[in-house]
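Below, chain A partners chain B and then partners chain C, in two separate complexes.
Right after this comes the complex of A and B.
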């Protein structure tokens, strides 16, 4: 069981999950725990010879009931590939799985915030290469969604709706558009190729999205990931995070806020060059960027078109 | 929970989803839940952890 300690100086929780030191670390393909279990082969996390999408409780959880949840979402039973190379139908199904996990975990009294995310590449600490993501159900409201709620207050309404309108009006940082979704490198991007994929219509969570919106979101995410991979002609590392509304307040009521969008934080600032969080970023909380969002967006837009 | 206007209605099977304590049961079957375009089969692993298998199916009206 993890231990929570409140950092009184920074005003935020720190989670101690020391059992995670023992988690599986970059196993060989033959010992991948996310592959299906084949007859006569080693038993994996999924004891079936084939599957489409699998979700299971993390063996090395950062959170677990009755204080939160940690799950693994395996996108495919194929060891190779990525979110970008899934069939459109599978990517669409993945959006429904995200929606289902948000609904189920969000309904729990011990979960205040559902975070669906994917870490891709050893550059961001991936320990298993099989295409997968994760879900954390936090028993408290973490700092980032708190910032988003405060942005709503500051801007007098949904901050994402306001920012999206500004990006659509400006146009220079847009990298992808469809009827239901727009993607852009944000005006104040912290990472060189940071991108936000945003639903045009205000939806607090995936639960409010209809089938067409989920399909459009899947298509946008796949286009972006394929564009990333084309940018430097190499599998592009990133952290991908689905932002939605907090689920319940301490009193058990809807917390409000939220606008479904997916943020990508890629650590590469150029081909083969990583951005590190150093003195200013860690000590002052201020990012020093090496690139201009408008130029990054132009390069990414071109890469997405190339990969289409 | 936030608004759930588009929440698909669970099928009758959702309350009685088949659970396989050893995780070796077949996928699918009459006990599957439906969620939107998905069929949802719940299992439990040997150590008690939950395992959910999702399959694509026809969309609920």
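Right after this comes the complex of A and C.
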């Protein structure tokens, strides 16, 4: 079982999940636990010879019922590829899986916030290369969604709606636009090639999105990932997170805030150069960036167009 | 010049210092800019053939007057070694240099917070191996000291004094004690071998410390760094930050809060295994730890004793 401890100095929960220290680390391709189980072959996490998308509870969970949840979402039964190389139909189906996991975990009394995310690349600590993401159901409201709720209060309405309007108006940092979705390097990006993919219409969660919006979101995410890979002509490492509304607490407290957006935090500040979180980022909480968002956006916009 | 932008979603400033992209990166030993300038040899940052401790403005600054400061503190003119291997006299002198830089930068109208720090090891992005640290003078109050001020409010007094009393009372996480200083792995450590070195008596800044306290602090830091190096029998990477009271703002707003403590964030969670900040840490702001602070403290306490 994992344990929560409150850090009184920073005012946040820290999660201890000690069994994770022993988790599977970069197994060889033949021992990939996310590949299908072939007759006569080694038994993997998925006891079927083929599948489209698989979801199961993480064997090395940060959270476990009845105090939260941790699941794995495998995008494909093919060991190779990425979110960018899935067929459009599969990427679209993934949005429906995200929507389903948000709805199901969010309905649980022990889950206060659902975070869908993907860590890609050894640079961000990936332990399995097979294309996959994860879902955490937090039994508390974590700091980042707390900040987003405070931003709504400060701006007197949905912060994402205001920020999106500002980015569309300015235009210099936009990298992708479709009827339902816009993507931009935010005005105050912490990471050189940080990008936010935002639903144009206010939608608190994927549950509120219609089929066309989910399809547009999938297309935007795929275009962005292919653009990233084209940028330095190499698979681009990133942390991708889906931010939606907090869910109802055990006390029945109503969920508030939220506007579906997907944030990408890529650790590369230039080809082959990583940004490290050091004295200022860790000790002061202030990011020092080496690049100008407008310039990164121009490069990323061009890469997305090239990869389209 | 660097530029500040306010991230409305997270409610924090981000600093853009684009000239830093071109900074010196791991030069060969003969081209170390922090070594002394020998007659007939290449000109370094320090135009003297020998020195004890050198302080100068960072050539690739995150902040520049009159909107903050960024300085380098070179611990020794020897290219080898670390904070742990300095003579006790030199380490003591370093505390007086820290005190001086805090007092001088903190007195400036454009500096609201002084952070003294050291990044050690390529794992945290070090670009120069010569033993050195840095000082940033922030023209605003960054998030982490803001959290510490809020902790004081929440706990109704100095948060560090309460936390220290709790750790001394519990005892399981203490790793070092002397008359003036105690060090512990905090109850809610984010990093496996995180340690906080705290003045026993309430001191808002190093300026309030007497000579004996500064000497004790230096001894504690050296004992801890030597213990870290003994832990896995390898130079231990870390980010070290000195937290003190915020300084008076340009508007003359009085400084409040603060209790001198030095925090170490080492990225290793086991020998040869790095902790990465990925989906949960970046996207939710919640650290997932693989280790129990009491067990890390026992190992670190033993390593410090062995290295003494």
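Note that in this section the second predicted complex is superposed on the first by the 305 of 308 C-alpha atoms of A that agree within 3 Å, B and C clash if a C-alpha of one lies under 4 Å from a C-alpha of the other, contacts with A are read in each partner's own complex, and residues count from 1 in each chain.
Just so it is clear, contacts are C-beta pairs under 8 Å (C-beta built on N, C-alpha and C of every residue); 3 or more make two chains touch, one makes a residue touch a chain.
Remember, predicted model here, so these are calculated numbers, not experimental data.
Within the superposed three-chain arrangement, the count of touched residues of chain A is higher for C, of the candidates chain B and chain C. Once the two complexes are laid over each other on the shared chain, residue contacts for A:277 go to chain C alone; chain B is not touched. Legend: residue contacts after superposition of the two complexes on their common chain; A:103 is shown touching chain B, with no touch to chain C. In the superposition on chain A, no contact is made by A:172 with either chain B or chain C. Of the two partner chains, neither chain B nor chain C is touched by A:67. Touch criterion not met for A:200: it reaches neither chain B nor chain C. With both structures placed on the common chain, the touch criterion links A:54 to chain B but leaves chain C unconnected.
Taken together, the chain A residues at the contact with chain B in this complex read 45-48, 51-57, 59, 89-90, 92-93, 96-97, 99-100, 103, 106-107, 204-205, 207-211, 244-245, 247-248, 254, 256, 258.
Listed in rising order, the residues of chain B touching chain A in the complex are 1-7, 23-24, 27, 35-38, 40, 45, 49-56, 59. Touching chain A in their complex are the following residues of chain C: 5-18, 20-21, 62, 113, 115, 117-119, 124-125, 134, 136, 138, 142-148, 150-151, 154-155, 159-160, 162-163, 186-190, 239-241, 243, 263, 265, 269-270, 274-280, 282-293.
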